[in-house]
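Across the two complexes that follow, subunit A remains constant while its partner is subunit B and subsequently subunit C.
On to the complex of A and B.
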């Protein structure tokens, strides 16, 4: 008998496999009021006092709360503190605890918990501060069960804004990093590295009626293409920070929201290196770059032009008009280069972190724009770890592109340009700027403070400390049936107001 | 049969290999720029925060000390804590292997199930039209890059059947059927190019052995074709197939970084990328240990299996 190698054998096998695959795929009926948000990376620490990654904060914002909370318009809302008083001299803040706020473990928040949380951040017991935001706080006092008093060594105008990030945690609770407990609208359920972070509704949330959703899942998908497919196929409901050029292909089942994201994308020039030590060369580069064209080509039109180290998202502090301080002017750029002794231009290297495709795209356009005035730029792509080590810490670069995320307060953003700040990788030094910055930090009157910051921004622009490119708009794509999403001028996914239209909020 | 002299020496050389790999990883790590604390915290963190985290993670100690600490832990069965995830390396590895191993297992089943019969067919019909067709197809199969195949497979499955979406890996304890189903497409993607390779390999071996003297003798003494195939030909082909399968096995068990990226699977390949980009020393060491362990173990298995397949090969 001959053995037959019939092709039918193969088709048969393939058939079995495909049928098995389809049968095995058990369609789950959606009965829960749940939403899946796709995020590109794992959280760094679940302990809010150790975490610093923006990607962690945007998730855990739903789990932890501070005495105060940011509002979508960038103002402050009372959270665990119901209200607060500030003394005339700005040296003493009294917060009144909101009664009946519960932790996810059922305990009621006490002033002792608040004190413990703040002192943990300040390093009062350990001698090792976990945050640099509260160095001006001398003592946290809790005279009774209602009041928390912060005594300051000197005026700290950024204190209220900084308190939004000071999460309140249960006193002496040791397992924050594995089983986070906060007071937010959602309770932490589980974290599977590389897969997901799962949250569920906290029934005893102090804000009655919130949240609407029963469950929230943050699905970790690093690949942008895969994330897009997951959104299209219904695995994922919300895709924050979707590429602007990909929204068109989403079709009718989706809608998008856009806003400024308080990010300063800039082209830094190493001021300690020739030729960028020359003020005229930096100005020439500024004149040579056409920001409108850049926004059109790199961000597909979705970006806001910048002129200083702050984004207009910080409306109270932003100095308007600086974005046109250096209108695109090739002749002027060439003239300035000639004055500086570079009539034939020069060669330089632009170092870009390869994990940010947006910065890489921007770099390519900038190369073309600078070529037109005779500056020949070579792009050098480096891994993020190398960028941090060599460019950011080591300040060993000529030009680089990076996005610096803004906070609620201008202080942490503008401190980067002060002469002796450890992370001033621009190597920017200007005593007048330092003076204004210090004056603003010591000023308790918010309006006067804003004036000082505006003056400081003008100096940054005049000195051409960098080329301040744009605040690329944050675009979030959502399924049609999802409503209630709010955008913030911060890196936040607030899901407490989100719901499915089919499961209307009560 | 197994001589007791053989095994201890072999095991010793395996352990030595593993240690050398870990040493090599350590040396490469010393050259690599990057500070884990800074990478974890990013550009937004203040210098104080970075310093505090460095201390917390023990990064203020020299790498050589950390290596000694790590390797002494390994002998006690403790792989240490991941810097990036701030949790035990062992748990992270187990979680990733729960994805990579099933994919690898299914892929190997597919490869054997399709590759060997197809290869025999290719050999048998070597001079026939069908054989030529098969040869062209397998040539294509070996040439197609797997990431492209993966993307095509994903698009086809997603668009045509709306059956599969990337990133849908469901944890095993939640729905094991769903988890298994979601791993079939990546397993097929891993398997297909290798099926083509194995088919060509088996086909070539078939043609070569078919014209060997012992086959002619077997037919000459009046054996039925079926007997000639199963008793003589197949057995000789299997020797070379085992070698190829061993090589493929090490490749597959390491978790395909590219396939895992394309299908957004949280497997060992993705864990490795993450570990490297965060300069997560204990995690990289553990994964390197696993990968080299797989290679060493499979080679050992292949060596051992020869003696069962070929009586001429015996351990000395």
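On to the complex of A and C.
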């Protein structure tokens, strides 16, 4: 039989080719092991030593590393340093470089790079420190190719924790702000302002087998509504810090992870103003507020009750049991108010930053709760800039609600309550607290230090320095096929352990 | 003179406005529940019994809050329109009747204020002087002035040439008496129409400012603020946002229809 040429065959052939091309293309797209994470804002600087925004750190955590690294439980893991020794007097730290750690440009990390990075932060050459964390470090010494020795002027208990944020960068590398180079699991590919930050897998990462993903994209979507839509229609895969009241809308294809975010949400009372200068009034306010009801109403139950200035996310330093120091008790509150001479209650103003709907909601509930013991509170909403200027810096307020973000170390959180701290907007003064705090700062033994901080927390609770409300949980919404996401008590997205279930990690 | 027809607009508008006035008056004496009371175990209840329009995210009765919100809306609307009306009529009357340099200055000022869209101007004022009910009223009053000024001025320009004014002048009446007793009554219908429209735009502007968090401060209920609070629960509790939304719609519609109706009633040729 003779095969006649006909246009039909041609079309048929072209058709098959087209279908194949589409299929292959889809196939190719599928083989790319990539996920998209939505974030609300642009990075401020790509240079890790200049960046100060938490939103930058959460992304660049995947690109840069310090000598040590935080673990999901808030403890420390060795990273660029393989191990370290501390001398008895706590004034000299010796770090041993992990052999064979590579920068994204292929160079091996040397002690010179580490020294350069730390000295850049300390401002040894320029005289202008880029970070306030290392003021107690006198000198960085690199006697050989393995050891980095930090000599301290005085004991600095927070040093190890602070080193996690001291990113190690290549010596004398000048293009950090446009082409970041670090040692993290992902290397920087591109940043398009207002659109995205793209990272790709770093094949020579020192932790073998990590990361699992080939590519990570941080999609910048400032509007929460748009971010939620992007998650639902599949444009993005992970939505960190989704509003707790929106998770019900997500449906079958998603799941959520929740954890404490190491944030202390509190109701501050200006201790320099009447009637809050009276210890009994502050205690009465504490007794009048029902934290369980508050957590249920404002955070849909997703919050951990607090009793003092630290979140239980800092498990090592947290003093448990204080959260019920002032159980809700209206009769007691009224009795204390009467003792202080306010048997008919009083009027006051609660200043709330209007850009935090969560605090505004909390304020409305607190108004209702305090009304029941006769304290009439009027809410005053102010812009964030006004809040910072007038309340935080100017200390011109009666009551306010704010969330204080915790670090890996308790020091930056608890220093806020020391008498002479510049931003002690509580106007809290207690010599015993100051003494314990100073003692803890000078203590290099972590166990003893934790004990001192626990005592300090108890004092804050006894003095009713504020009403410590809750650590609201943050919620991460993920597509069902994504696994391996780890939550941290820090503002970071660790994508080194994340993978798609369809592409099982090797 | 043609026989006046009772217009459809007037009836519907009047009914809607009447309904809101009724709600306003009742809200002073009675609301089904205390407006700020939180029923913690009964959150996001759909409309039904005993919560007529359901409950919000704190378990507060939405219907009670809407009723109380009427006070805010009408207080802001009425006072700002009244202030705008009084100042606007005074300025408009003087500049229309006397003309000259005073007229030119007023015209320039008017044009300056009107160069800004009303809500934007109100936003600017509130942003500078801070949020709150009083500042909202001040802001909305200022935006209301030019409209009344212009209507009054054009009315005075028109009527001062009429022979009845000349007649009044010849028998020796002073300018004040002529302005108040002879010209002003002629433009009352036009002012009524403008006041009614002004009221509805003041309502809308107040809702807008409160929605942006610049008007009434929480927890006091305001329609705009309720919309703002409800938007996070659009899918979970649609009645929460529908209720204040519909109320704003109906109130604005009512006042607009009423102003159309008044215009038809007094001047069918317009």
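The working rule: the second predicted complex is superposed on the first by the 475 of 506 C-alpha atoms of A that agree within 3 Å, B and C clash if a C-alpha of one lies under 4 Å from a C-alpha of the other, contacts with A are read in each partner's own complex, and residues count from 1 in each chain.
Here is the rule we go by: contacts are C-beta pairs under 8 Å (C-beta built on N, C-alpha and C of every residue); 3 or more make two chains touch, one makes a residue touch a chain.
Values in this document were obtained by computation on a predicted structure and should not be read as measured data.
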Which superposed partner A:380 touches (first subunit B, second subunit C, both, neither): second
More subunit A residues in contact [subunit B versus subunit C]: B
Which of subunit B and subunit C A:293 touches, first, second, both or neither: second
First (subunit B), second (subunit C), both or neither touched by A:367: second
Subunit B versus subunit C as contact partner of A:222, first or second or both or neither: first
Partner chain(s) touched by A:107 [first = subunit B, second = subunit C, both, neither]: neither
Partner chain(s) touched by A:52 [first = subunit B, second = subunit C, both, neither]: first
Which superposed partner A:316 touches (first subunit B, second subunit C, both, neither): neither
Touched partner set for A:142, first subunit B, second subunit C, both or neither: neither
Overlap of the subunit B and subunit C footprints on subunit A, listed as residue numbers: none
Complex contacts: residues of subunit A adjacent to subunit C: 243, 245-246, 248-249, 293, 296-297, 354, 357, 360-361, 363-365, 367-368, 378-381
Residue numbers on subunit B that touch subunit A, as the complex places them: 33-35, 38-49, 52-53, 55-56, 84-87, 92, 95-96, 113-114, 117-118, 120-121, 124-125, 151, 154-155, 158, 161-163, 165-169, 171, 175, 177-178, 180-181, 184-185, 188, 224-226, 229, 261-264, 266, 270-271, 274, 277-279
Subunit A residues within the subunit B interface of the complex: 1-3, 5, 7, 9-10, 13, 17, 21-22, 24-26, 28, 38, 42, 44-45, 50, 52-54, 128-132, 177-178, 192-195, 219-223, 225-227, 229-230, 232-236, 355, 383-386, 388-390, 392-393, 402, 404-405, 412, 422-423
Subunit A partner contacts - residues on subunit C that touch it in the complex: 36-38, 40, 43, 57-59, 131, 213, 217-219, 232-233, 235-236
